[in-house]
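The structure under discussion appears below in the form of structure tokens.
Order of writing sets the labels: A, B, C and D. Residues in every chain begin at 1.
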């Protein structure tokens, strides 16, 4: 047995192998991108060329045909072992065809030719490596349910105004989906998703991402100033502030991938420290550090946390696969979806907590050596701390959400 | 999705249903047995009658034919929800036919008629509810690898002397397996297993089990004073002090069941506290306690720990099923077995830690009400604390073991 | 240096010596009272005879003249080492003369002869060992700020109705102070303290204390059914539901003593386990358990938690001494008092958390031996868990309180 | 009451005021030095000019005359609030005159004119701001008891060879004390301290400090290549590998100051997050973040950890003052010194753990804002992680040391 997570489908196996190859390559440049805060364009390009970016596009539309969330998530996990920044950036795109494919299949079954065509076109473009998408969702001063970026009516479409933050992958994407607010009938606010080509007039990537870690993720602010969006490119996604199927389900899947990247970071920290303590020796005894009981104790704590993180992630990913297979898009009962989201939030907190603890313990076991900037551990320590901030619920919100859903209460969060 | 663990085989599904029925019944008497420190003979008898005690006996030999460790473990989990003491007591027997069946199948394949017959006889007796077995393994002042109870040569067999502790299920068992030490050629000490009928001359159950919790498990000391054991009933199991396949594999499977019982205890504590806070109201506001953020926070922490415990237990149980399916008995490479045992030790520590934390948090959320002896939580709090002491490795030893195996060192433990 | 807490005044030194003598005596009976759930009348009588119950009565009124909260608290700590139940029971009385003496001094300074006389009479009775007091404060279904036991007007006084819980020391007390609700002018509810002689008609001690631990504390329910209380014996203590100086200050001091008892429990657990691991040896190595690294690690964690608990308790007790010396009774600014209470709540949580962790680790290091009912550790494990429930704020409330006071918000708690 | 630590002597009060002024100034440049990895020469110069560097020089020799370790430690704490790097750098020097003054007083009492003169000269130079000292103690691949840098005999003195790491303050110091190994009679190795002027031939500061945090501390490697040291400048300090009074006592005092700096970092993180949550508001509710229960909970946990860290640090510092006052230099019983060191190691682990937890929680409460490089929290998060690595015992060694001393065993550590 090996507690390492392994793919469960053939397409997934091929994807994970590709991801492992990429990871080895990305690892060689991770430190430099971290130091310089540069975006790893070459990594994204390699992922495009190998087909990984099109992993979840159906084979008949040019992709790798990975259906399983579990397996797509493992690919992100493997990328995270090599370079956490690239992994979370790639995830922002890779997830999207999975989602579209689900709707494309639904539309085919329902015989909705218009939707089928629209989705098929985009999927083929992604399959061909022509389109890279990213999602602009977060904003300062509000939560994800209440976007403040505003789309207001203009002739033939909308004008978009406001500022997005954490625009991960934005430097490499050529098509952005922007969560925004529109006004419906009777002026009640609604949430919407606006699709904007990168570089469109009135849209500006601020190139200002500069953070404690994940410095190569290109998570810049993106500013919209009277940016025109065509009528067809703004999709109403429900009442402003309300949970909805699209909101919960999409965020769940996308964040599963993100969480997997943090597990990958922890796995690398674990490998680094095992390598370090089994090879380094110290005076006066001259034995390998691994011979010391304190080191064995720390390594054991790492293994325990790793086993827990892997198990809970795999279990949730498999559960998500079953869940989505059992429900057609647009027809998921919200209470069941909240149960799944609740379990996933437990998973997210466990994996990111454990991952942080693992890297922290690796640092401890390094005895100070890992604190030097030249040690990969010091980068991993900064990168891994981003985990709990992954959306849609901050740690400040997640406990309340889990508690309320468990207790059968309406998960309206404090604001 | 529901994070609750569910059986994966048909026979297992039937077994788990039976276990759930028993658990509801056992729960009605758990408090009384706890208070009075009495052994739940009627529970064991019910398990015998329903066939649960013969769960892992092949159907053709009169049992339920449960093959899957995962599913057998879930049955113990369900029993643990109703009464932890009964669950761990029952586990000491239920596990054994699984183990024998594995060797019975191996012997059939190898054409070893003698072994086939010997095992078949015993399995049929268990299938018929005539034999209940228990294992006497622990002793004060030594670890499991180094039993000090001694079997010395006498005419036609052996004389057994010494004292065993933690003889869980001993009041109801009629056949005991006793770990002991014998002297081999050149007087080197060896580990052996002696089979003794309960009530044999020179064997005395001390009826002295009196502990913080698990008070109904009948874990008495058993004293042997020149107790005669026939030649054929003493099985040499390898050098005294050495890890061996039988030792590691049997302890792994048996302890998986035990660990599952502690998860069951935690699940009941979780249900109890959810019930309590959703129904109780307090002045002056008069709202249900569940409306309070501090309660929601605590419930969320419980859910998180529960998700983690369930996931890691299920993952290990499935892994164990795969592992044993892939290896014939007597032919498991020790290094692979240590890897599995290492992962299982991570699981044991995670599940028992989380289970303890869950009951503790339930007590906290009860605001003092759970501290009263009349609250099930106060019993669960005592019962669940036994978890980490489950053999073969105490918490004092488990970290060293995990660390050493992970670091590629020989897992010889400090002594 | 020794991190053990030591008294800072001469009277306190004498008191602590007495308490240490008592503790050694009480320890010999603690297990029996725990098993049988009996109240240790003989312990309380011994404390009365030695003068410990009158510790905080001024010397000129017949007491030991201990002024320092720090030193009184250390005496309770020492009692807690011998028997936690007796320690928390004794604290309920010992604290009271300290409080009365403070008001007695204030009244003398203010020339309020009536108050002086009233308090002096009672203090002399306590000094002579004639009066033992206990406070009946807690109720099921409400918090301490909102008592529901009701005193209603009758001729010449009041009729008291309702049920109190956690009446620690009630079996031995002859004078009870009962927190209750009265109706003021315009029918607005107010909080009051009613003084009732034990055994008064309509007052019934239910002798029903039966809990996980602290089984000798006599914390019975007390039922009031039209129990008459004279006019002069009901003291209005402010609006129902409001924080007030008396409420906060008295609860702070009384709980400091309680918290110290839990530190004492932890100290005994630490001594027990150090004794155990330095004397016990195990096969096959035969070395003392103390030689094992895992044991050393666990002992180190115990020492760390002990150092932290002691330091924070001493610091708060000294701070309380300074604070009360700097403020006359009845004239403490509420915001400063909330700051002190906030710091004390931090202390209470730290000490009780650490104490629980210490006993838990001692149990771990015992390797199972401590789980047996015959081991003092199993009693300490149950006793110490009561710590966080000590009033006036449950763990469910304490975090909110600390957070709000720290953030400059009005500490109105969720209800 | 305020749990903030306050000085207890008049000289200490003056020093702490100065330190607070400096801290406000240093805080304005901390981010820049962190970004650029530059050493804050101007900070050290300001400390020199204000007299803080001469804090512990007796007033009659030109210093501030601070005797109390407690108060000197508080000054470092205050500096740590402004800039952790400067605080730990300054501590490496400030500590030294305290130590020398202790020996100077001892020598005066003993009438040892030679030692008095030698120390007096140096103390006057420090008092006049002419000498800044730093200690070069750590090396890669060994612990502090076993320095590998070697001083070998040459004509008129010694030649020093080897490499030191973590040479904090080295860029600003003009006099280095270098822990090294010499060969005694019969060639048995001994530990020694060599005094070397900065810039001496054969001594090279490598200007290579580049770490996760504490980036302004100038903790460069220092390389010695046949660096000549005069006979009188090498002091034999006992057998190589042995604990000794000088080793334990000096390391204890110096590390107390370091630990205090980490408390200061945590205090600043706490102030930063309180400021953030009380001023920031979020859509849609628009209330301050401080109104949210999850935030209050997190702030409460911060307060609890802060109270514990402050209490245990103050208690140890006061204890150290008492201890050194009670023992003349050179005459401290080693077992008592180990007890003090054990308690201090508990303190170090508690303070640094709590400090790390505080900054981590502040980051959590920031909801992601603190993860940006522009937030002071992201720097504090990196700086505070250095705490556990402060010498003389790494976390890998400290538990073993505490455990062994507590259990009455010889604290010989694994190697």
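Basically, contacts are C-beta pairs under 8 Å (C-beta built on N, C-alpha and C of every residue); 3 or more make two chains touch, one makes a residue touch a chain.
Because the structure is predicted, anything quoted here is derived from the model rather than measured.
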{"item": "Third chains touching both chain D and chain C", "value": "A, B"}
{"item": "Selected pair, greater C-beta contact count between A-C and A-D", "value": "A-D"}
{"item": "Separation of mean Cα positions, chain C and chain A [Å, integer]", "value": "51"}
{"item": "Averaged-CA centre spacing for the pair chain D and chain A, given as whole angstrom", "value": "41"}
{"item": "Junction residues of chain A - those touching two or more other chains", "value": "291, 293-295, 297-298, 399-400, 414"}
{"item": "Contacting residues of chain C [partner chain A, same complex]", "value": "293-294, 297"}
{"item": "Touch list for chain D against partner chain A, complex", "value": "138, 140-143, 146, 148, 166, 210-213, 241, 280-285, 287, 291-295, 298, 363-365, 367-369, 371-374, 378, 381-382, 385-386, 388-389, 394-397, 399-400, 414-415"}
{"item": "Chain B contact footprint on chain A (complex, rising order)", "value": "1-3, 274, 277-278, 290-291, 293, 295-304, 306-308, 310-312, 314-316, 319-320, 322-323, 336, 339-340, 342-343, 346-347, 349-350, 398-404, 406-409, 414"}
